[in-house]
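Which chain is which? They are A, B, C and D, in the order written, and residues in each are numbered from 1.
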């Protein structure tokens, strides 16, 4: 079977970990990595991450020109870089290269640009691309419909330096029609990687759906999961929630 | 709108609480309660539970004869009594009275009897009829399919006197193909009413689905939930899992 | 051994449960119960709570006159009634009757009155008299000293109707020098009886001290624990925290 | 103020992280690191860990001879290596160099050797040297004395590959007189770094003391904490539990 060729935007703290996950999965071939600066240019991500073979050649974003995506063909571009990266790979969409964006703090014009690419290729956009969080998003929506009288609150715990409520908590609050100010409880202590809990309270029972992040590699695993799904899709706009919803439909028990 | 008429088998610790829930819900009319002994015979459950009106006349099981269900018509029979109660209400099935059984420790012949009634009326059988536990049963099955590499363990906590693993934990283990001996962890301390947690462990994230019982009234609420659903159904065999699965299908987000 | 004679102020929701705990403990003799109204006057608390003997004769607060405590002698008065109850039993202090007050919302003048009785008898005042909460109060103070760099947050969960942060959470915040507004996270959902968790976050580890209330009988057990301790004490002002601190000192391991 | 000079045995997965913690703390000077093999010999731990200065010169254990500790003087030896390392640094005890050992799987003769050094210098031995776990050890012993009727169970969660109950869980079980087989519940899923929870169940309340490990750097922090404490101590045998007990005594509230 031919490998799925991947090009990655972003080689910061999270980008490196994502690259590492793709390198470890034999279904994929990490073709190249684009980073903002000229640092480590033309070295290999695989080398920098301690592997003894060459994969994921590093390019500076300044090197992306009209022929880049033709000369360095991939099946999917995965973006863990920044809001404006989309402006550098929009041309790839015209070649039918599929796109996965996990950027959480898009500026409006960049997000609009990303969304517009759906008419050219398959675009999957999910600010929190982990499997677990997206499972919680779907399961909690259904539970709210099943138990409409349940009170719902969200507790999220992160390291002390994290400012404001987490994007995931805000997303959960929005999707469940909760008040972001009063129903999201943010704990900021020490070095907690990330925890989200949705509490459904009924008069005689409480249901809790919780997700603990152990490491950022969960983002890489989420991107891998999304890649396998997206590779079979036609042009259009997709999200990780949609992937999980489809899996719910497929795997609900039959009676 | 006409009320749904309910007849209840069982007026022990749980039965009383279930009766109380039906009495408080204006959609239902609790017509009668059948108990094993002659205690409180022909008094009203409503009186005994502190209400100032008469509902839920108490009969001894010895009073159930061929004409009982004709003279005391109901739409649904709810059984929180014991394994053999089914033998007393099987005739009701021939009148099309629907049946909800929440008995957890059926003897084989009694269970067979219950199941056979499906050819006459709508029968819903669920040993743990709480909404929360059944949500967990369905959600965890789907999550196992979505994340087949996840390790799964069950932790259940109950009061010190409870013998053996809980029926719900066993059911969860069975449905998730876990080893009841090694993957079910039973905590027995003090007066914990009942807690079940299913832990899904991936390399970089952990997902926990948990249910805390606050009081047995959750069983009554489950029976009420099931009653509203079953009243519209034709003859056949149903379960609370099926109710919840149907609600999942109905309420999954659409993209 | 002679029993400890107890008089109880308060026979509301909590008072009844507290009376029940004293009735079940053979070390104590519940002599009487004082309630605000004339309801059930001169009946016995034991009867009303389903016991088949007579104990805890019920008096209305209007019946308390100068000779009440002489005619109805007890060793300890336990107050679960209201702010102003202290005005009715202050004379008892002059007879050396010890006092346990678990009132949480004292008006200043009533609290001052209570505190002044310490010159006459042994007075133990603790708004939250449960053993578990007081253990948490002491253990968390020590942990804060051991790990001064830990970030600390409090999460407390209660039933939806509970207004404002819990008194216990406020007490914890005050004793740990936390900001009551930003470091106390109040969850209000369904019918949760009461949960308090103190989270200590360090860079590489998190420590959680948590207390779950199952029923209000924990208050009765706390009062019983305090009664056994206070009975041996001379006049002065005490608190449940002090009881627990003393037990810490006594039971720390020796090397 | 003069820095505390530290020599470290062990530069494996944990040893490296411990070295890193000492390098980051300005109170300490990491003089050297001894590792089993000749790998990276005479390089600097600081270099290998990404710092731009030279500290923690690496020696092979084969280089330790009679004059090593005289030529490479330190105040404290910290051992995260292996059971037999003690045989290489026993001579250091004769020079009064203090010793901290965090080895968890000692062979009897090596442990005896370590313990014998107490007549020469201050020796602190703690298989689990994290502050949080030792806090739990002490706090749970006291709570058991305060609430002797509480049922106690331990839940520990670790990554799937971890064999058998954790050493810490066994230690907790032993110190609380629990049955290691029935009262220790081991969850093995995914990549959980390490979690221990001690559950105290009373009839009406539950108390939970829990510790989550985020990273192995907690061991380094524990060793640092122990180093600061041990540096002032005379010869004798100490443990981290003793350090924490002393801090409990010092910091209990005064009434």
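One rule holds in what follows: contacts are C-beta pairs under 8 Å (C-beta built on N, C-alpha and C of every residue); 3 or more make two chains touch, one makes a residue touch a chain.
Because the structure is predicted, anything quoted here is derived from the model rather than measured.
Chains touching subunit A and subunit D alike, please list them.
Expected: B, C.
When subunit A meets its copy subunit B, do both sides use mostly the same residue numbers (more than half shared) or mostly different ones?
Comparing the two copies, subunit A and subunit B contact each other through largely the same residue numbers, since over half are shared.
Quick check: more C-beta contact pairs at B-C or at A-C?
Spelling it out, more C-beta pairs touch across A-C than across the other pair.
Counting only Cα atoms for the centres, state how far subunit B is from subunit C in Å.
About 38 Å separates the centre of subunit B from that of subunit C.
Provide the C-alpha centroid distance between subunit A and subunit C, rounded to the nearest whole angstrom.
51
Residues of subunit D that touch two or more other chains: which are they?
190-192, 200, 202-206, 214-215
Considering the complex alone, what residue numbers of subunit B touch subunit A?
130-132, 135-136, 138-139, 141-143, 145-147, 200, 202-218, 221, 238-239, 241-242, 244-245, 247-253, 255
In the complex of these two chains, what residues of subunit C are touching subunit B?
190-193, 214-215
In the complex of these two chains, what residues of subunit C are touching subunit A?
150-153, 155, 157, 159-160, 185-192, 199-206
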